[in-house]
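Just so it is clear, A, B, C, D and E label the chains in written order, and each chain counts residues from 1 on its own.
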Amino acid sequence: MSVVEVRGLCVEYAPHGRAARRSGQQTRLAVQGVDLTLERGEILGVVGESGSGKTSVARCVAGYQTATAGTVAVDGTVLTARREPRDRRRVQMIFQDPYSSLNPAMTLRQALREPIAVHGLRPRQGVDQRVEELMTLVGLDLRHLDAKPRRLSGGQRQRASIARALALEPEVLVADEPVSALDVSVQAVILNLLADLRSRLDMSILFISHDMSVVAHLCDRVAVMTKGRIVETGPVDEVFRSPRDPYTRELLAAVPPHPWAEVPATDTDAALPDPTGQ
Amino acid sequence: MNAPAPLLEVTGLTVAIDAPGGTTYPVHDVSLRVANGEVVGVVGESGCGKSTLLRAVADVLPRGFSPVAGEVRLDGHRVERRSGAVAMIFQDPMTGLNPVMTVGEHVTEVPRRRDGLGRSQARDLAIHLLSEVGIEDAEERLGAYPHQLSGGLRQRVLIAAALSGNPELLLCDEPTTALDVTVQARFIALLRRIVADRGIGILYVTHDLPLLGTMCDRINVMYAGQVIERGSAMDVLRDPAHPYTAALLAAAPRLGAREQALASIPGQPPALTEGLTGCRFAPRCPHVADGCEAARGLGAPGEGHESGCVRVAELAPLTGRGAR
Amino acid sequence: GGGSTDSPSADGATPTPGGDLVIVQGKGTKTLDPVAAISPEDIAPMYELYDTLYRLSADGQELQPSLAAAAPRSSADGTKWTIELRDDASFSDGSPVTAADVAYSLNRARTANGAFSFLLGAITAVDAPDDHTVVITTGEPSATLEAVLGSWIASVLPADLGGQPEKAFFEDPVGSGPFQLDAWDRGQSLRLTKSTDYWQEGKPYLDSIQWTTVPDANTRVSQVQSGQADVASDVPFSQVASLESAADVTAGTFPAAYTSMLIFNQEYGPFADVHVRRAIAQAIDREAVTTSTLFGAGVAACSILPPSMRFASEPTCPTYNPEAAKAELARSAYPDGFDVELTIDNLPESSTVAQAVQSQLAELGINVDIKVVDSGELYTVFFQEAYQMGLAAWASDIADPDEQLSYMLDPNAGGNAYYTGFDDPEVTRLIEQGRTTLDDSARADDYAQVQQIVADQVPQLPISHRENAYVWNRDLAQFEVNPMGMIDLASVGMVQQ
Amino acid sequence: MSAGVLAVATYERRRARRLNGTLVAALVFLSVIAVVVLVGPLFLPSPTQQDLTDILAPPSREAPLGTDQLGRDVLSRVLAAIRLDVAIGVAALVVPFVLGSVLGALAAWRRGWIDEVVGVVGDVVQAFPYYLFILVLAFFLGAGVPSIFVAVAAIAWVSYMRIVRAEVQSAMQQDYVQAAVGAGYSERRVLLRHVLPNVFRQPLTYAVTDVVVVIVSTATLSYLGVGVTPPTPELGAMVADGQQFATIRPLLTLAPGFAVVLIGAALALLGNGLARQLDES
Amino acid sequence: MGSPMSIHRLLRALVAILLVVVVTFLFVHIVPGDPARAILGPQASQASVTALQERLGLQDPLATQFLDYVSGLVRGDLGTSVAQDVPVTSLMASRTWPTVALILYAALLTVLLTIPAAALAARRPGSVVDHAVRTVPLLGLGLPAFWFGLVLIQFFAVRLGWFPAGGYGQTPLEHLHALTLPALVTAVSILPFTIQSLRVAMIEAHDADYVAAAEARGVPPRRVFTRYVFRNACIPAVVVLGLNMGWLVGNTLIVEKVFAIPGIGSLLVDSTLSRDFPVVQGLALVVALLVIGTNLLTEVARIGLDPRLRVSREGAR
């Protein structure tokens, strides 16, 4: 059985909102009937253009947002709008911006102890040990335990927020563009960490990105979104090798080829769409 | 590739930041050139001084930054401050446009205020420029404010505004980081067309190596305030001659290669204070050896392809991409 | 008058005609209806707009005929008063002032429910047998009549207000005074111009007078110093001396019918005991307190009547003597002192007095707790007798001691002996007698007795009699202020220098 | 109070340092004042000690700032008044600080009718003439320190409410607050542990400056005649009382006046320094 | 312009005004001290006090008095002054202009002093000039208006004779002359805030990418300052100015007393002291309207200045 099952998800926003203002769009229906399944131990990538509703889907799955229509089921149970703390714990989210995802007033130790203590996940004396375990798991040096987030680099913060999510022992991680703000070498660290978590802890991950090559690298399956709908899903290799939907094709064509890629780019200019075609 | 007469020539540029903790040098002894009709890339990790270099070239360094050595020449002359010969485009298209000015004002102000064009002439020019960068309903967009435009459109307005001063050199500081790949692809195609049409030079900064491959003629790789490798795009990306370049490439994921873990670079770049000697990458370099602490300029492996690595010859095939 | 006689000013010189006078004062004129007037700012312009039968001299001792041709002639029993009017007086609209006008005005004033109508309480009828004769009937012999007729409440208005409704008339009143109304911004500024019909030859000298409200005392002084204004009233007392010696302005103080005092609520246990009151009288160094607040602009009080008031005497008063005070208190039921609340208003001088009292009574073991209420509220508190000890003041409205003595000492006269509950039949009788005796020397005897009893019984403890302090332009001649605070502006003028 | 909402949305971003110059200057400034105020009285007569034989004395060795109209030592009174005023300023702000912060946080957190009600009441309080408000309250409760407390509390909370509301609103957009909600913590915990600790910089630094405003208001109340009850030395009352003697003994009003300005500048400086410091860290 | 904000804003302003009416009424009626006694003085007989009380309707139940008041308001009748027996509206009519002029003048001075000071400081942050600009106005925060006003009068009016020592004058020119010192005193109380915020905003605006981009593409420096740096920095500064308007208006009450300006401030203080309730009520209402009005005005100014707000804007008051 799938860990997460999303059926007919719709999200609507009031026509005047911050996001609409920011992007100049007036979209009301941001997500229009999305179906998704996430299997245990699977990394599902969601790609698509900016504003296509990726974040909205992620927030619904993680329970930060109530869907206008549709259901989200975790382990077969449909979760209601107001989730119980126990249910919340099962799905955790990792945010795009590593600079705002940690409470600046808390040291890493406090940030990691809190979820364990609040949910009583370990006996009192086992908490510290668990905290250290988590730090090691995400590859953070223990000397950072008493640091406040402002002393950490972007990559370290992102690892810390992953550790905080893991502290709750979730079944599902929802990662919304967790590496977009990071530099390639730091990005590599985080991607490796996520892959490692999946293989070691059998974690299920919903991974959102607009970077095809990152998704190609990390994910098992991919869902391609545009204008609030999923236009194509399937195993990454399949979808990327032989995209069926025109939008997927457009998306892939736009990816600058890695210089070491098997298939070297032939004529870059020709592969690019007409600039006037916006 | 024949090196054309340089449009931009930067020699030995060093920029200092006076900070309470001591002076740092985000750009240290950097030289580079851009010719007319050429797109030159600058690539490197976050914090290696790319933006500072660009701002120094445009002579719009932030407060506290000052060029302390070297010079910047445009067409053989020192860059005359804010003459408009150098235009600049920033990472975030929202922050590059004045939020309280309309598209039209952005594009017409230099022709009107600097060149003294009349209102309607300036307007015609603006419409022309906006169409040139691919905005179809240019006339209607003249009255729009930046926040009413999508990222892709803003980016185009930025270019049109930059072009309105007839620059010879366009500086781009990670202009597509905030955009999705399809918009990015269109943007790059647009830039290339402008280079072709107008014969201007572009200095393009990013930390995305593969991106540079699709658009640059030549690439400069920066590390910790210095250029550590340069050469034609193909040479640098396919046969990196510096362990750092190779490490960056290895860290970038690619389509269809998901088996391997990505190679991250251990450690942190050095603080850019005074007294750094030898190869700055040495502490993080897997190939570090005895000779690395000696200072060395750029040189080898070949004509038009130079590296700052002393071991460049020994390490010949640095890439992990197997036989080619 | 006081004033500064030693500094070379235009004081004694004869004024030349012309000039515009600007007077700045703390509050503004809010009404021009004599019956509705309550504050000195309301009253001052009335003396210039309207005329009265008599006018008080500058020293406050004497009433001089004004609209009247001579002093009133009384009938043998002292209840009928005949007053001849002068025949050259006319209103600013040109019509002559007649006895009918006077009768109308006096009747209006005494029958209106004004705050000061009681001043005319003795009058039972006013008649005008002919144009030039007014006959006033009083229920009993009235010693105060002349003084009352010299106050603003007896201002002479045209009969029936010239046929206008009250409101309209007092918006633009007609009077027979030396000046007439030019412009009036209620509470803010009032401008009068010279009246051409005024009966007194050659007067007034000034072309116009303007009163302007300037609430802050220092700003008032500054305005005179900078030449923006010619006269400022209520000058801080401490500044008078230094202003007197200033080169550009003249300053001075003028005796006033004003007394500040501690009042004791006899409902509050300790104050029912005369020993306590006497002890307090001896414990307070009135000389020192007066210096601290008035800086020479007044004298420490002994009698409750200010020296400028007719019939003020010098009773034997308890003097400052802490030892005697202790002994006196020992004879009371509170030999070790007690706690008491002193209610004062929020003026700086009050606070100074209260603090001095507090510190001096502490020596007696009397713990004073100062309670400050807003000046708008002070007399409400006193009136309700919701106080223990209070710092009060009295200003007389007429140049006769009767008003003050009755209100302050007669429990039936309206104030419950100035809110103290003091009741001494002998005092009440003497006051009554003084009011109905027409012989001045007999009145003097009665009042001297009253003053002595009060000095012994201390129903109130007078602290000081303050004067009015002014600073004025040095080109101003004949600037004098009488004890009622009135300036004879018809006689004031500028001198060319 | 209604004054002084410093630029709420914008701060300087600088690299972290130990203590910034402004803060150091403010602390030194304040320490000097504190030492003088606390040690000075040991060498001076009591501030309420009268000597009617030596009133309005010019400055001398015994009385460095002279004496007032009751012969009291002016310096001693100024020092005592500083202690009182600062105490009033600080104490008077405790309630509005807490009240405003709680209401602001609630308004931002709960939104809906609470937000509207709190907002409108805030509008009313601020639209009401400030000094009329205090004046009427002082009439009602009687002059003196308690009225000042109540009046200040009744008015000052609005600014804190506004500041905290805005800060909580923006904090709620922060991912770490979202993450805390997502971790299944109770509302109380999220608010107390994750939201509030991060929004206090702004109201706190504001409060420091606000103390000055309270002191000036207290002084102004005395000018209007409804301030602290005598004989307690209070700076505003001293300035107001001293005005009678402005021309002959200007020190009587200048000295307490300067004391207000000095304290004000020191505290404002402290506020600025604190803001910068908390910003940088 | 910005319709979504206006309706909500206006509604709230309306509710606020309504509440101000109620609150002033209650306020004024719980104040101890009998207006009749306060008006008539200590000597007045109890009979005349009672008569006045009856005439003023002070003996009616509070609810009746309130209804009378509100129904009067609806007809544009603010009642009759107790102390002066004239309609409150006519009493206020001549008093409103000096106050409005003072507020506007003070606001103008604030702006005129803020801009150069902030610009000077922002030019080189951290310099001596910057520190001076940041600390000197702070002194203004601790300056009691009544004291500072007197100091200014002593110096500029008495000593130097440059300005009148209070008053309002007759002609517009005289008004301007007479209001200069009071406007300065009023402005000084909010200068620290406006300078501070404009300075920070200017520094931020100056560091913005669009400024560098404009400079690079050849926009003349003067225009960069006016259209880019200053124009953007204005937005937060206007907000701060607006937020402090209430305080500024409040301060005029004191300033008017010190400078003897015949405005509503001094009338308000007087009327409060003399318990002239109808006048106090009327004036409180006018002042509240002024404050709420200026707040709405700044909101409008902000929307005018910031095109981003023209679509919609929530929160951030």
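Note that in this section a contact is a pair of C-beta atoms (placed from the backbone, for glycine too) under 8 Å apart; a residue touches a chain by one contact, two chains touch by 3 or more.
This structure is a prediction, so every number in the text was calculated from the model and none was measured.
Q: Show which chains lie in contact with chain B and also with chain D.
A: Shared contacts of chain B and chain D: A, E.
Q: If you tally the C-beta contacts for C-E and for B-E, which one comes out higher?
A: Contact tally favours C-E.
Q: Please flag the chain sitting at the greatest distance from chain B, going by CA centroids.
A: That would be chain C.
Q: Please compute the C-alpha centroid of chain A, do the same for chain E, then give the distance between them in whole Å.
A: Their C-alpha centroids are separated by 52 Å.
Q: Once you find the CA centre of chain C and the CA centre of chain D, what distance in Å lies between them?
A: From the centre of chain C to the centre of chain D is 44 Å.
Q: Using mean CA coordinates as chain centres, what's the chain A-chain D distance in Å?
A: Here chain A and chain D have centroids separated by 48 Å.
Q: Centre to centre, by mean C-alpha position, how many angstrom separate chain A and chain B?
A: 30
Q: At least two partner chains per residue is the criterion; list those residues in chain D.
A: 139, 240, 243, 246
Q: Would you pick out the residues of chain A that each touch at least 2 other chains?
A: Residues 21 of chain A touch two or more partner chains.
Q: Chain B: which residues touch two or more other chains?
A: 147-148
Q: Which of the residues in chain A end up touching chain B in this complex?
A: Residues 21-25, 49-50, 153-154, 183-189, 191-192, 195, 210-214, 216-218, 236-237, 240-241, 250-262, 265, 268-269, 272-278 of chain A touch chain B in their complex.
Q: Within their complex, state which residues of chain C touch chain D.
A: Residues in contact with chain D: 217-218, 221, 236-239, 241-243, 285, 288-289, 291-293, 345-349, 351-352, 354-356, 358-359, 370-375, 377.
Q: Using the touch definition up top, name the residues of chain C that touch chain E in the complex.
A: Of all residues in chain C, those touching chain E are 24, 27, 30-31, 36, 38-39, 113-118, 185-189, 212-216, 218-219, 222-223, 225-226, 228, 373-377, 379-380, 382-383, 392, 397, 407, 414-415.
Q: Touching residues of chain B toward chain A in the complex: what are they?
A: Residue positions touching the partner: 45-46, 134, 136, 147-153, 179-190, 192-193, 207-211, 213-215, 234, 237-238, 247-249, 251-258, 261-265, 268, 319, 321.
Q: Which part of chain D faces chain E closely enough to touch in the complex?
A: 1-12, 21-22, 116, 119-121, 123-124, 126-132, 135-136, 139-140, 162, 165-166, 169, 209, 212-213, 215-216, 219-220, 223-224, 236, 239-240, 243, 246, 253, 257, 260-265, 267-269, 272
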